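Per-chain numbering from 1; labels A, B, C and D assigned in written order.
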Amino acid sequence: MSDKPIRVTVWNEFRHERSNAAVKAIYPEGMHAVVAEALRRRLGSAVEVGTATLDEPDHGLTDEVLERTDVLTWWGHGAHHEVRDEIAEKVRGRVLRGMGLLPMHSGHLSKPFTLLMGTTCMLKWRDCGEREILWNVRPGHPITDGLSDHLDLPQTEMYGELFDIPEPDELIFISWFEGGNVFRSGCCFHRGKGAIFYFRPGHETFPIYHHDQVQRVLANAVRWLAPKSSSPYAGDGVNVTEPMAPIGS
Amino acid sequence: MSDKPIRVTVWNEFRHERSNAAVKAIYPEGMHAVVAEALRRRLGSAVEVGTATLDEPDHGLTDEVLERTDVLTWWGHGAHHEVRDEIAEKVRGRVLRGMGLLPMHSGHLSKPFTLLMGTTCMLKWRDCGEREILWNVRPGHPITDGLSDHLDLPQTEMYGELFDIPEPDELIFISWFEGGNVFRSGCCFHRGKGAIFYFRPGHETFPIYHHDQVQRVLANAVRWLAPKSSSPYAGDGVNVTEPMAPIGS
Amino acid sequence: MSDKPIRVTVWNEFRHERSNAAVKAIYPEGMHAVVAEALRRRLGSAVEVGTATLDEPDHGLTDEVLERTDVLTWWGHGAHHEVRDEIAEKVRGRVLRGMGLLPMHSGHLSKPFTLLMGTTCMLKWRDCGEREILWNVRPGHPITDGLSDHLDLPQTEMYGELFDIPEPDELIFISWFEGGNVFRSGCCFHRGKGAIFYFRPGHETFPIYHHDQVQRVLANAVRWLAPKSSSPYAGDGVNVTEPMAPIGS
Amino acid sequence: MSDKPIRVTVWNEFRHERSNAAVKAIYPEGMHAVVAEALRRRLGSAVEVGTATLDEPDHGLTDEVLERTDVLTWWGHGAHHEVRDEIAEKVRGRVLRGMGLLPMHSGHLSKPFTLLMGTTCMLKWRDCGEREILWNVRPGHPITDGLSDHLDLPQTEMYGELFDIPEPDELIFISWFEGGNVFRSGCCFHRGKGAIFYFRPGHETFPIYHHDQVQRVLANAVRWLAPKSSSPYAGDGVNVTEPMAPIGS
């Protein structure tokens, strides 16, 4: 593959930051601005980062934008149902053709992610600002580069098992929560030619995306999610009338 | 789990058998009749087998039928699009709550299967009656009980890779085709509380479902797909306000 | 497969119970006696249970015993190195030919398990009697039958990630520990024709194997580990001089 | 991770090329020379390639060589038993600490690979120069970059299922053989911090390693196998006396 920059689109619902003063205080220009800036700062010329939000035309995800996106990050929470079905389907199709997808936190219920998983993607939750420790269970994986054996977040919303997903193709992080729960917090999936990395941290009322190690994971994940193969993908099927080898001899 | 009979519903599109004389000659009462009879004969009192077809009201899959079905087998081909979306969604939901699903042959493009997979489920195909050998790559799996190391089908339709599915949780059979192709022909998936076994053989113009070893696989698969756990499934999510352990001490 | 009883051999190092008064008070006749009795009581005529211990000739694992064992449970801790290499190799070979293996707790470092895994199987540990909650992440799996969504153990030794194992073929339980750690506590592996279920609970200084739900897991696991297929296993390789299909036509 | 060159060591048994005139004609300086040259030519400054062979002191794999090797390729066939156990164990340990391993063809029975797998790694074989087609079942994987949907080898030795390995973490190629067999020909495994890619082609009596697309796979695999994370690996275990969180509050 070439060494051209990875073209990233950071997608955000961008509602809480405008309607909730506490969230606005943490993310005055929206979570997408913080995430985009972190990726630019950490990955430099290896990326070109744009943003898109729910209330833009086509949610900012026109065909043109999707076609030139290598990795799409996704944060949504209260307005998953406002994402139009045909846009969600386009995102799904684009992943199958090779785009990386990085659903964050409550993006577990986003339309593109649930369409790709086929399960409910539901979970337990509790919002009381408890401590979370994410344990690194794949120290050799590119997504864990530069991390120690755990990440420690002093205050977050709890997500607990059962997380109703297909068994991840690669399980990277398992979270411990102060209140007694655990969660598969970093999950890799391969679908069609594309890869998906679900990453749990990110509740809007805490400064999670300002956290150094969280940003490190996001930057590593963008590198890992970028397309890595120019091999053709025949996801539309092929009626091959000619055999490879002689038949009926 | 109890030793009550496994309640099986054999679903069939049941169109080719009525419109195509060659197919009718092989399956005069429909493929579902042959499959149902084979399961009854081979599994005896371990099963209760009913059938359902596309042109019955609600495609024969009323809520009542689905709720009392432990394992649903599915054969469809030319009329996938005629299966109503709300019925397909009900099947998907019932699988997540524990029902086993056995899509056969061209059922790879059925709505319930593709909804559960999230990918296109497309493949290469060639219909010239070539030989297929299915190799058993999991000799210890319940689905291979009583089989030798391979099944040999003298004439069948070819399905070839790329088969656009998520990586199977368990890969049971790999097919060789005379014309030079290979295929992952027996694939297990776990979704929610339910299990899925996709089994490739079955083209309507060949007497595949009369084949002794094919019937053996179907009978084994029904046993394997039957629900095996009474543990609760919280696929709708739970807001757990109380922690398991004290917080903030 | 037939409905003959599952032949279980419960293996125990049986040293701590003789040398440590606290352990002896919990398991006066050895842990194997408690485990064997629990399996007999819960599984009744579905099993025939014997025991074997380190200090018996051949560690109680003669060829004859191994050949007629369907499922072998294994508890060892301080004397892994005293298990003779040739016996460990025989256990490994017997698993590949179809026997189920259930290593418990510190059995993660036993010779048969580490030979089958190929990794160090090491982990973090801390022995201060903290609380453990095992979360059920596979509610449809036979091993979780009859369980709620978690098991709660008031006092145990902690095992923490990184647990250096191959990615489990099926992950059943994830543990939460009071002191901040997590652990993959119920892991299924398939090797050759055999299956392996590693189950974490069991420190000798706590009455873990008297716990109702722990016993339930062990009984479920024995059922799941029992051989399920009479298909041949060609683990020694075959030089097949004759092709299945004509060559060079 | 830095952009320093990937340090590759190409290991070869190097016996057939000296004792068999037909093999010598294809690989006059040994297969390792052809493989090393192909990697240098295709990967340029991205790699530093050295070689090592069985009959060198310590088989060319001194501690110093192993420590500075990022990726080790391995070809062996008739003399697996001559590889000293302590060297094989060192290779295994080095993989767990992060080195990539690329066993080729009959390297399926090499000591390092079988130690890491835990199974027999045996298979069916037939040596009559039949045609092999390798189908690409993971078009998005880095190892398939630049390939079409298949590789076509006019003459090779057949390897057939059952291949007695653990279920691969990622399955990349499935082979079709003219004589009726199939084989999982490109298999990825993760063990400890290291990765393993088994690649089937390579019988010594055919010019397999001169084949353009085979070389392409080897070059891609070296890139994929190179260590990608600086995260610590605690494969020796840690007794952590201090909890992360307060206990017993």
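A few remarks follow.
FYI, a contact is a pair of C-beta atoms (placed from the backbone, for glycine too) under 8 Å apart; a residue touches a chain by one contact, two chains touch by 3 or more.
Remember, it's a predicted structure, so these values are computed and weren't measured experimentally.
Between the contact lists of chain C and chain D, the overlap consists of A, B. The greatest centre-to-centre gap from chain B, using C-alpha centroids, is found for D. Work out the mean CA point of chain B and of chain C, and you get 32 Å between them. Chain centres here are Cα means. That of chain B falls 36 Å from that of chain D.
Counting partner chains per residue, chain B has residues 133, 136, 139, 149, 160, 162, 167, 169-170, 176, 178, 180-181, 190, 192, 233-234, 244-245 touching two or more of them. Across the complex, chain B meets chain D through its residues 133, 135-137, 139, 149, 160-163, 167, 170-171, 174-177, 180-182, 184, 246, 249. Remark: chain D residues 1, 98, 131, 133, 136, 138-150, 152, 169-170, 176, 178, 190, 192-195, 227-234, 244-245 touch chain A in the complex. Across the complex, chain A is touched by residues 92, 96, 115-120, 122-126, 128, 130, 158, 160, 162, 164, 166-167, 169, 178-181, 189-192, 233-245, 247-248 of chain B.
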